[in-house]
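Shown below is the structure under consideration.
Note that the chains take the letters A, B, C and D in the order they are written out, and that residue 1 is the start of every chain.
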Amino acid sequence: MLIVLLVALFGPCFTVQNPYNLSAISLSDAYKPPFWVEGGELPFVLGTDQQGRDILSAIVYGSRVSLVIGFLGVIFAGGIGVALGLIAGYFGGKTDALIMRLADVQLSFPTMLIALLLMSFFEQGVSNILIALAVVGWVRYARTVRGEVLVVKKKEYVEATKVIGLPNRQTLVKHVLPNVLTSIIVLSTIQIGNFILTEATLSFLGLGVPITRPSLGMLCSNGFKVLYSGLWWVSIFPGLYIMLIVFGINLLGDFLRDEFNPRLK
Amino acid sequence: MKYRLLCGVLVSILCLSGGLSAVAADRELIVGLAGDAYSLNPYPRNETITNAINNHIFDSLIGSDNDLQPIPALAERWETSEDASVWTFFLRKGVKFHNGNDFTVDDVLYSFDKVKIRETSAFSFTLSTVESYKKLDDHTFEVTCKAPNSLLLAHLREISILDKESCDGQTEDWIALHPNGTGRYKLVEHVREDRIVLERNEAFWGDLPEPVKVVFKPISNDGTRTANMLSGAVDMIVNVPVRDVEMLRKRENIAVVTQPSLRIIYLNMQGWTDSPSPDAAKPLKSPDGSNPLKKLEVRQAMYHAINEDEIVSKIMNNLATPTATYIPAGFNGYNPDIKRLPYDPVLAEQLLDKAGYPRQADGYRFELTLDSSNDRYVNDGDIATAVAGYLERVGIKTNLNLMSRTIFFTYIGTKNTEGDTSHLCMTGWADSGGESALMALDLMYSIRQDGEVKPGYGGVNRSFYLNPKVDALIDKAISTPDPAERSKIMQEVWQIGADDVVYIPLHFQEDIYAANKDKIIYRPRKNNYIYAWDFEFVK
Amino acid sequence: MFKYLVTRIGQLVAVLFIVSMLVFFMTSVVGDPLQLLVRQNASNEERQAAMEYLGLDKPLYVQYGKFIVSTLSGDFGKSYMYHTSALRLIAERFPATMEIVIVAMLLSGFIAIPLGVYAGAYPKRMLSKTVMTLSVTGISLPSFWVGMVLIFVFGLHFSVLPVSGRGQVGSLLGIQTSFATLDGWKHLLLPSITLALSNMATILRLTRAGMRETMKQDFIKFARAKGVRNRKVLFGHALKNTLIPVVTVFGLQLGTLIAFTTITETIFAWPGMGKLLIDAINAGDRPIISAYIIFVAFMFVFLNFIVDLLYTLIDPRIDLS
Amino acid sequence: MLLEVRNLKTFFHTFRGTVRAVDDVSFTIAKGEILGIVGESGCGKSVTGFSIMGLIEEPGKVAGGEILFDGRRLLDLSDNQMNEIRGKEISMIFQDPMTSLNPVYTIGEQIEEMLTLHSSLSPRERRKRCVELLRSVGIPNPEGRLNDYPHHFSGGMRQRVIIAIALAAEPKLIVADEPTTALDVTIQAQILKLMKALVRERNCSMMLITHDLAVVSEMADRIIVMYCGQIVEEGRARDVIENPSHPYTQGLIGSIPKLNEDKSRLETIHGIVPNMFELPEGCNFSPRCRFCREICFGVKPDFRLANTEGHLIRCHSACGVSEGGNEV
């Protein structure tokens, strides 16, 4: 995980080209295989894609985009979702009904439509994707958290806080939240991957990040078009890197959960 | 509807489970298409796949040969007045609809009436130039045009003829579910997005096509279509992705058939206006605030800066033809004298300097935004990216604005429904009629930022090209019935367009098909319409 | 309970109302339905006629009023693309989508939950670790990728399963379905697996996390002390206590799959609803989009109602009213 | 002898080292006898209970010794065989009634599960038996409450339910792990009384694990005092309570407040329980012992007879024997 982060942060200093700079890449380098395969050559260690972008450089830059999308997406979606879920589950009644029906409304709209809507208002870009992900992603958190809060709030230690007159906000943050943390962490580790993939899918549908600033997902979906033609390196490497990231995040998530969950000790 | 579908399904099961033995299985054809027919009512949608499938079931008065030139179909022959304004058509006799009804003039006039209803017909434009039509006898009728119109045949070609007797008084839905034409094939079943099954109409008036039964399978994903071809689940596929061609060619039993299509990919530049795209998110910016695209040298420089050969070889895998003009060779109005401006970045930079746009301190001359779709044309996103790269290298800062076709066409529309937003965009255009004058009418006829110069003309003139001389030539061509003479006028029009660099043409896409060569031979049509009668069985 | 039901139905109406408004707003912004009706090079006159035909020339609130009135009478209008009733188009496609979704959900339920239980109960074992590692693949591979690879491996390389499309349908209990024929099942398998894969990973991980906590609880030890067999302890006592988040996500996934299987259906040329939606969105086909989304909203409200009921069945401590 | 534990060793292997939670513990329980095991938390008394039940979980492991129950070696039995014994022959009562009952099943279901597992009664008979059991543990309106869930019950009532479950299959031995710790004092007394009555009535044995000497003194026939995984004192209840011989036991007894004695301060045992990873070389109690001598730091003490028959202590300095526990 650390490696992934380091690569994302400092990798750009070491890449052979800046894949975002259109004048730096040349079509004449398109579809070069990795250097160990016949026809491949340095400095394109992992080969090049359809625009002549060095895959390795593109992965390094792309991972920054993807990580930003994954993490910020989870922070936004999770932040909204957890807060609303806590409130809905804890207060119940009309508040719960309102929030949950809002969730139902939200669920009915496909990510794609929302992304399209945003695109027709704003320019194509990462912020669009983030808004779309947050708008779509909070529901899952809210519903999961709410479900658990419904159980937790009936527990004695929570009811006890009412007796001692603790303000609701403190009860929620100090006593309810820690007890639903496991699901949140699990969900988040899954969602980061999910968001990176959602972005890939949006790219697949032509609604993702700008083609000049490819994310891992976009690299992967670009390359996927030529997978059957034997140009495997274009999509395999970004794909593997996504797996690596998701795997790292999951390890991190497991660690966090074990570390902060007193119930597992 | 459901009941009918159900029946269809049941019938097909019966067929598949043995009843089919009556039909020679080796005369059966399965084709993987890129999409489904939207409706088997031929009028509401005007779209390639829908039209092609409906053409199996329905005939028109006029047919097309392989070069898209008109040939007799339900109309056996026709006569025209001197100035091409009054046309008389003589219908074929003894033709029957699938349900056994006779084909007469009444059916033609009924169909014409229906076609004109804008609410339910996408073909109303075909009769917009027609003043009136009247029945002379059961098999003869007369059409009077508003103005001399040499293009009537090209338009009538698009009108499928319905059976008045069975359709009159029925709803549009009913007509769509009970397609009844005079065509070579009858509908067996249509399961939306899954298959359309047709069987040969043994009572067809002309030569019987070879395939006895045809199954069209809509498979919209490129990779899946290729996979179906590889697995042998289909006998032929259309729109093969360019990158899959090499791999398919290596297969012993698969033949890849390619043919230059009518679709040209080109760049539009707002070069005839002082305030290009004021509503764009990132408007055009030049140091002195002028519109650089107005300068011929700048347009020429951009032309010179683009290495089209490299685009074709690297992005299109050599499956595209670089072009200097907008219609393919061999078509009416083609001008062989027009040549591409060669790739020459050095010359491009000189031209830009000369035009008064030297490189500034930041290394750039001026700033543009290139709008393009990324899911409409073959590898459109990649082509646009490459173009932006070439422009950057001669010092033109190029923002790339790629979008889905869903919003792209509204965004760049000449009608400016959402404001004038695009000064440089990459689009494609094709005229399935293969008629130069029709194409120029849309592409070259003057139009202004604030509206049409002549209603219905210049519909996709996104450069806002203004040239009365060209307008006059186009008007003249349309009223010239003689194809050879018309061709000459059009050659002049295209020459003027090329000299003015109205657009930067890139290439013609190639239609690519893959077929099972042990079983069939396919001769593609120029307009990418798939017809079962273009297939021949090997054995 | 009755009162609860009435409230929920009231909420349903409110949800549908809001959804209809949003849908209307979105479809009026996204996509240009005129593209379907008129040619790109159409004259202004043609465009104007089409606008009038669609009622797009009227102010937005008038359009919305009309839309609501016809929607209330169950008429979502005719699809711009297909020129036939939007609702019927959806109904036509619904069974095909349900088929792959049902199989996918059964697969993920019957594989992921037991594996999750196992991995949660014995986190240190080799098998658990393998399962967890593999499940990462499930959530880190895009579905279009998985679909293509499955087609490549099973459809082309081994040629054991058909590449795409829906197979023969047969009659089962009076319903036309792929479940009734072998060919149908063969066609079902790959798309269902593609759908199931990412679901499985999510459900597996949630189950495991819950199980790990539950297994530390006293009542598990108490159950063991009662002499309850291991399997019964895991699936009888522990699992039921971890089901709340699993059921929540299961419900969401089920709804999402039914509503938005777009990619998988496209890749497998499966004639389901998801493909209809994406085509409609691409074309700006307002009647289909609005009918579809209102249908989906209805379904989600219903599904979430079921999930809430399940909560009370699973955990008696939960009191919804 | 119903239960005979010989040299039981249960270790926990963690990556920080091995914890000898139960180290060489031997004792017996006779039929109908109530044995109290006393000690501070972490002394290994619960682990001993779980070892007998065969419920030691990773990373714990029974490392040695023998457990003979009714003539059978429990440690040699498979998990399935153990399942036949658990609940039916040895049942267990847990410390916290709030968490021991599965919250998602009715108490009827939870009692019935025991009967389904360990009896051949018909469903109707099972139901009848459930009602009887609930009534016998003093739950009012037992028929009506069978379908209630644990959260409908108060803590004391839940413990009664747990006792009912423990008794359901007529076990020969009940292991009660701190059965009253989580309850109010008034309810504690009721529950203890109930347990004692039920055990006596059914003539079964009981192993009562607690940190509360007062509880043990009322209930037990014999007492074992554990410290750091080892037995430090063992004897008849009366002997141990009235005449505690090990300094640790003395400390424990001294720290119980007594109503009839006027004292400004309670006695405490100074120091804390040693780190289980680094036990002292000699006597485990040596760092905290008031009577500690040189030898105590170097050599592990062995059992010695205290002044009465069957009263054993593990201490070098038997000096504490006569002095009682009242020194400050």
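In this text, a residue touches a chain if its C-beta (ideal position, glycine included) is under 8 Å from a C-beta of that chain, and two chains touch if they have at least 3 such contacts.
What you see is a predicted model; the values in this text were computed from it and never measured.
When chain centres are defined as mean Cα coordinates, D lies farthest from chain B. Chain centroids computed from C-alpha atoms place C closest to the centre of all protein C-alpha atoms shown. The geometric centre of chain C is 53 Å away from that of chain D, both derived from CA atoms. If each chain is reduced to the centroid of its CA atoms, chain A and chain C end up 20 Å from each other. Put simply, the C-alpha centre of chain B and that of chain C have 36 angstrom between them. Multi-chain contact residues, meaning those touching two or more other chains, occur in chain D at positions 151. Of all residues in chain C, those that touch two or more other chains are 30-31, 148, 152, 281, 315, 317. Looking at chain A, one finds that residues 116, 120, 154, 205, 224, 227-228 touch two or more other chains. Residue ranges of chain D in contact with chain C, taken from their complex: 50, 53, 55, 58, 79-80, 82-88, 91-92, 94-96, 99-106, 113-114, 117-118, 149, 151, 162, 165, 175. By the touch rule above, chain C contacts chain B in their complex via residues 30-32, 35-47, 49-50, 53, 81-85, 88-89, 92-93, 96, 148, 151-152, 155-156, 159, 162-166, 168-170, 176, 266-269, 271-272, 275-276, 281-284. Within the complex formed with chain C, the chain A residues making contact are 92, 97, 100-101, 103-105, 107-113, 116-117, 120-121, 139-140, 143-144, 147-148, 150-151, 154, 182-183, 185-187, 189-190, 193-194, 196-197, 200-201, 204-205, 217, 220-221, 224, 227-228, 235, 239, 242-243, 245-247, 250, 257, 261, 263-264.
Within the complex, the chain A residues that touch chain B are 22-23, 25-28, 30-31, 50-52, 116, 119-120, 123-124, 205-207, 210-212, 224-231. In the complex of the two chains, the chain C residues touching chain D come out as 124, 217-219, 221-230, 237, 240-241, 314-317.
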